[in-house]
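Common to both upcoming complexes is chain A, partnered first by chain B, then by chain C.
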Partner chain A sequence: MIAVMMKEINEFLYSIIAYLVIGVFLIGVSIVLWVLPETSLLEYGYASMEPLFSIGPYLFMFLIPAITMKSFAEEKRSGTIELLYTLPLTSRAIVLGKFLAASLLVFFSLLPTLVYYYSIYQLGNPPGNLDTSGIVGAYFGLFFLGSVFASIGIFSSSITENQIVSFVVGALLCFISYEGFTTLARIDLWVSWAYYIEYFGIMFHYNAMSKGVIDLLNLTYFVGFIIIMLLATHYSLEARK
Partner chain B sequence: MSLEVINLVKRYDTQQAVDQISFVAPTGKITGFLGPNGAGKSTTLKIATGFIRPTSGDILVNDISVTHNPMSVKKTVGYLPEHNPLYLEMYVREYLDFIGKAYGMDRKSRYQRIHELLDLCGLTIEKHKKLKMLSKGYRQRVGLAKALMSDPSVLILDEPTTGLDPNQIVEIRNVIKTIAHEKTVILSTHIMQEVEALCDKLVIIHRGKLVADDSLAHLQRKSSNQLGLSVQFDAPIDPDLFRSLKGIISLEVKSDHQLIITSKSERLRQEVLAVITEHNLPLITIKNVGGSLEEIFQKLTTEEGEAEL
Partner chain C sequence: MNSRSLYQFLVFFVGVCAVFLANQLAHRYHFRWDLTEEKRYTLHPSTINGLEQLTEAIDIEVFLEGELPANFRRLKVAVRETLEAVCLLWRGSYSVSLFGSSFGRRNESEK
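Up next, the complex of A and B:
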């Protein structure tokens, strides 16, 4: 597992995509947080990192499938999947290794934004006047959301050997699982079921975490979602045999 | 220590890729695995390495079943897949290091093994390059080094010399020969010279079916019970001198300098030489014709051949 993870991380470092993705994420977040007048903290008047956590999922929705689109699709296209699956590595080690590498990249793209936390902390009046526990929860939420997106991206990469298809399917699945259920719940037809439908969506659990409450139920949801996606990846790759 | 294929069947939807194949690749020998394109060679080898599962049947590698215990088999097998897929963004050493890690080798033994292999496969001068910078011949060597990384007891090479120039082919063959002792080597190819140069044993399949499983010498003998000689002279001779030979089937006069004689007699060569010395004929060359591996291969893998055998 470690061998595969290290290989994937090295591949990220060799390819421009990882730098591009982290770069776009940070620039996107910075523009929203500091430049755009509607969301800029300097205009907003409150010491809060709210814009980061509301824009984050939408950036991740495109950026994470861009990281993971290569994952299995490229191995299939170039035939290296045969190398990987004839080495004494279990399917679990391969899938998990790839997933961990991708979520590690998510982690490293979030890390620099801690600078904003410090800036806002200092800018507050008086300094430190901000909801730290809420922010910690929201960071956890955003990291788990990114990891779920990574597992979705890896799954969509395993069903095709075309990176573009993998990206489009991945982004679509991310969008549906984040916002789709919440939107669906608003339809009047099944208004009495709305809560349960919304409960299936990532947004429901992400928002709960953003309030600073790290509930076991939400954590179970995220971890369960990841396990299901990775299992689906495993079976979609087994089917090739 | 050997590789044993037992009643192997692989079906893709409607196509029967491998149909009831059984053979044994013994230890210490190089087994040539031949067949026309699409005969099912690569499919068989992919099953042997645990990449795909057979529809039925099994392959035993050192008596371990690949369907029941693929992980143990993968540990003992070194594999060079067809087309030699590589992680092109990696450096030579990095790639081999990754392979070593996958085999669970520790840092020290990886380092040592990489050093040995770079030397053995003639990669030392290219060791700091990225794989995508290497020429096809060097990439093939990296593929071979990869297959050898864990010092496996069974080596499966799927067309190891495709696309190489003649010098590179000779070098790769030498490497294979050097390491073949005490290992079980299966080498798939459709280059006949390669088989003649390397293999002790031959397995030929055609359309998923086994058509030959024998030693090279035995196959050559079996394929033709007649012997042919091409005899060339320095000056015009009288072909009638040879007509009285025992068991002669045909005497083809190519020119007044050259004859092709086929005969049932096993002592044809001696008899021809006797005639030549008796009449003091100006001989240049005598060489065997017929019974070559190409002919055996063609015979076994074409429609007429199927009917004949």
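Up next, the complex of A and C:
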């Protein structure tokens, strides 16, 4: 598992994808936080990191499937997946290793945003007038969200041999699971079920966490979502063996 | 060959069931950890107490729409979040209608 993870990380670092994804994420976030007048903190006048946590999911939605689209699709196309199967590794370890590598990359892309935290911390009046522990909770939420998207991306990569198909399916699944359920719940037809429909969507749980409230319910949802997606990946790999 | 794929499917199915069970358990043993400095998202015990004693239907209307300055936008978000927290306690036996915000609607006809 660790060996697969290290191999994946090395692959990310030797290819341009990791740098591109982290770069695009940081550029997107800094434009929203500091430049666009609608959301810029300098215009807003309050020391908060809220824009980062509201724009983060939408950037991750496209960037994470781009990281993971290669993981199984490319191995299948080039035939190296056979080589991987001959190694003394269970397919569970392969799936888990690839997932851990992708979520580690999510973690790396979040690390540089601590610079924004420091800037906002210093810009506050008086300096340090910022809800630090709330922000820590929100970072947890964003990391969990990124991991969920990574598991979705890995699943969509395991069902096809084509990277483009994998990316499109992954981004679509991320979007549906993030926003689809909340939108669906607004339809008047099933008003009395709205809460339960919304509960299935990621947005419901992410919004709670991005405020800085850590709830056991949200944690089990995120972990459960990841487990289901990884099980589905495992199943789809085994079924094609 | 066939029993192998059946086994794989069973593993998947049992995993999904276990996840649902874990979520149900988390629902039952609810635990919340408010990390914000002023405990912004936690209602005061006396508020919860008061809410539980209310029996009649209540309509709440908030008029906070349009081009608002930053501090009013913050107020709007805070009002919505507080009302959401209150709504969670109401569990459908009360009705809330919020102008310009759609979240209260489901409670309106849930009653």
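To be clear about the criterion, the second predicted complex is superposed on the first by the 241 of 241 C-alpha atoms of A that agree within 3 Å, B and C clash if a C-alpha of one lies under 4 Å from a C-alpha of the other, contacts with A are read in each partner's own complex, and residues count from 1 in each chain.
Please note the rule applied: a contact is a pair of C-beta atoms (placed from the backbone, for glycine too) under 8 Å apart; a residue touches a chain by one contact, two chains touch by 3 or more.
Remember, it's a predicted structure, so these values are computed and weren't measured experimentally.
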| message | On the A-aligned overlay, A:A47 touches which partner chain: chain B = first, chain C = second, or both, or neither? | response | neither
| message | One more residue to check, A:S15. First (chain B), second (chain C), both or neither? | response | first
| task | Have a look at where A:G224 lands relative to chain B and chain C in the superposition and call it first, second, both or neither. | result | second
| said: For the overlaid complexes, name the partner, chain B or chain C, with more touching residues on chain A. | reply: C
| message | Quick one: is A:V169 in contact with chain B, with chain C, with both, or with neither? Answer first, second, both or neither. | response | neither
| Of the partners chain B and chain C, which touch A:L110 in the superposed model: first, second, both, neither? | neither
| Across the two complexes, what residues of chain A are contacted by chain B and by chain C? | none
| Any idea which chain A residues touch chain C in the complex? | 43-46, 131-134, 136-137, 185-186, 188, 191-192, 194-195, 211-217, 219-221, 223-224, 227-228, 231-232, 234-235, 238-239
| field | Residues of chain C defined as touching chain A within the complex | value | 5, 8-9, 11-12, 15-16, 19-20, 22-23, 25-27, 29-37, 40-41, 70-71, 74, 81, 102, 105-106, 109-110
| request: Would you tell me which residues of chain A are touching chain B in their complex? | output: 2-4, 6-7, 10-11, 14-15, 78-80, 82-83, 85-90, 240-241
| request: Would you tell me which residues of chain B are touching chain A in their complex? | output: 46, 49-53, 71, 74-75, 77, 79, 81, 83, 85-90, 94, 98-99, 101-104, 146
